[in-house]
């Protein structure tokens, strides 16, 4: 069982939804919670005036409500119907530990970083498995007590690649993960995997998107002579490096920096941008709105 | 009359308050607004778990309510009483243009910057007057069509200084300003002025407080060999450079930077930090909580 | 005469050049200076391993040399020939005040900012003239005692535009400026002006290039959902927004920021990026190398 | 033997020194190198006008010189004498791999980070040993194949502590390390260790010094209500948290961040600040000048 102590004061129920904006939504949701004694510890709202859409995230102390998450979900469904929220709402329980599968190639900095955050207790998730299209990162994964699967992706072999993606999919989906993290995984997911993992597959791209889409972004950045390099954490969609952006950051470089220096310096940005984006995703802080994100 | 078009869709009523946290506050305030048809365009909440205090800021479209700001204030007073808010709530009307008095010495960069923001329409306030303890900044002030008053502060003359502060106070208070901005004003306000202008007197200090309190902070920073210099916008209190911080920012310096270079580079941080802090104050986004601030 | 006190200890001669790298260049240039008693107060070097090109900037106290800038230039020409520097070297004298012409449209924030830096003595240049394709910024320019010329650019009138560019060119070139600053000038320079002002025409583009080239970059940025907006100062070339980048910086935005908020916040970055880039250009700190810059 | 391939084009000799400034130093050192065919790949200079002191760092391709590092050192000694450099010069060989000993307590984020940088090849050093005053970080250390020593420091037992420091000293010094890294080591080094390891002991302090010296800096920062938290990498001296600063950086926090949030966010800054500072130290890029540093 992956459930923590039931009545910890730290345990929260998290409600998120988006719906067409109109007067009284905040009153409706907060009254619903208040009438059951719900103690809101964090509440955030956003209205997008362009699309007339309303978003919220409510974090409630679990021990303030007289029932569990399933009953909360059932009761909230009525509110959601009344507010015309349709299918885009979630009610989650921080008492359930989130599961993550990480996909890697040879570049290890993001994997080392995520494993360290988990090992030191900073990121309270279960890393169910790491899958690599190269075997190099197996040792560090296993040193953390996590299963590592090597799935080779044969170059110039479409059928072999398709089989590899099928194997990858099976390895990932048996864990039903809350997030599939492409931690410098150098294969482009086929459209069917983008669809299957929509809203859960998170990539770190080593440029400040939309600049330098695709391969070797630091080389592109060096050639263009930019004065800052960046990294972008985004949801994976079928459109390469064009999914909703969760987080970005940049770092100053200068004329003395070679491509190798940019690659080295950029890693520090990639690591923190991915770690922040993943944390927000797992804490249900990221609401997707078209190709944009609301970060609560 | 300093009031803008009454029914503009851009006009807002802004409600802020802090009170002891308990279940149902958000429901209470949002239901109050909803029952009058209030259209909330921005809502922010904060709970401080250490002190058990709750804070909120609500921005409502004025044209969504069937009454004016005075009636809103009267009606809200009842809510405030019910919530035990006591005296710390405000209801303001963006239709009333805010008034600002700026205090300066010889260093002009913050004054030039604020005047430019007003002239270009970015900062929609009335600069009622500029008061300088030196005459140098009179020309640029008058070029913007703003009255400039020169109030000399004689050094080593306590009585003369006291008289100067009395004159300054009279010049400021006749405008009943929403903010008194010490834009690199090099005189320390006496306790009675700190008290009279509490929560309205805003200073820009040219260091990243609490480092380098007092005189010549860039010299102090240079001597200590720091790698970043900063600026701090804070409310003035009787305790020098120790009032609640509204905003801070920093800028990288290096071993080649002399004190003069730090002074020059630091100006760019002082300007933006002051401008951001002043904007937030005038938009009623800053709630003081002990010696800390909540920035909505 | 625009020349300052001849023998001030602050007066410098600045030598810059680039040449094919080989052993002994630093020895050659530093020995040349040493044998005349030249006191180097700042020396910077860069070697680009990819192209095998060497760059340097040397700042020498004028009063340490027994001759003036013309003789230094004549003597240095021999060194330049020996090092195969060809035509890319400069010897300048900080005793000669640099001249700048600023081009504007209606958006005033960059102009206000530059004028303030000049007025407060931070930027020690002569603003010879401001030319606007709209009349709005005439008043603030004249308040600073600087001539303002209004040159209308008729839309949808190629011949009228050509005539306007001819008039603009004449107004600019009669001052023989060291820099032509496009301070949010909304006209695209024709190729012949790009050529005539190559290495002197400096633009501020309101995005973090190469993202969001062309019109309305903040709208583009908002649509893409980026988490940082930026600004880029670059030399103007015939290829739109693609010239060598001098300086860039960014600023965090979030989901609550409308396009108008991005425009407003972005101004603070545009101002400092332009001011830094212009300062470095005028101090002969920017060496162009292909489409990249070396910033000493 | 800890020496790499002798004639790699990547191998460098690095010369650093500081001396009283006078005309001709650059000519002297660059001529010395040129006459032996030395190919300078990176050259940096700094003059401090306040103290009249000159600093330089020269990086020369080892394969461009007709002799090894010992002969270079012997030859350079003559130049150093001529320039009155006295004892403050170094000539190092990147062919010799640097050795590091890391001291830790229970907080593992900096250790995990450094070990990952070494394991992925980013930081090319030998971690000779890790010493902890608690046993918790032994497992991850050993997983990287590095010896871990647990040296308990008994509280309230001056003699026991003294014995522990003696044991620590012996464990460290048998490796003759180029750097002793206090990676969140929670013991204050006694003066004799500060003296013994002067210029080699590097600490990461979890605040933006000189703010919040000593214990629990994030608690201090939270209480003061600062809007940014930082970290400082500095050389250890007998004066607590007051040694020469190598590197600093900051991160934005806001009113919603508890002390625990600050601690968590701050780790990302601590890690990169320590890693940058350590890299620069090991690359002989840090020259100490009084209580300041020159970073080449």
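To keep things simple, chains are lettered A, B, C and D as they appear, and every chain counts its residues starting from 1.
We take it that contacts are C-beta pairs under 8 Å (C-beta built on N, C-alpha and C of every residue); 3 or more make two chains touch, one makes a residue touch a chain.
All values derive from a computational prediction rather than experimental measurement.
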{"item": "Centroid-based (C-alpha) most distant chain relative to chain D", "value": "B"}
{"item": "B-C compared against C-D, more contacting pairs", "value": "C-D"}
{"item": "Whole-Å separation of chain centres (CA-atom averages), chain C against chain D", "value": "38"}
{"item": "Intercentroid distance (Cα basis), chain D paired with chain B, Å", "value": "42"}
{"item": "Multi-chain contact sites of chain D, meaning residues that touch two or more partners", "value": "42, 49, 256"}
{"item": "Residues of chain D that touch chain C when the two form their complex", "value": "23-24, 26-27, 30-31, 33-34, 37-45, 47, 49, 64, 252"}
{"item": "Complex contacts: residues of chain D adjacent to chain A", "value": "42, 107-109, 112-113, 116, 119-120, 122, 140, 143, 256, 264, 267-268, 272, 275"}
{"item": "Complex interface listing, chain A residues touching chain C", "value": "46, 48-50, 208-212, 223-228, 230, 244-245, 247-250, 254-256, 258, 289, 291-295"}
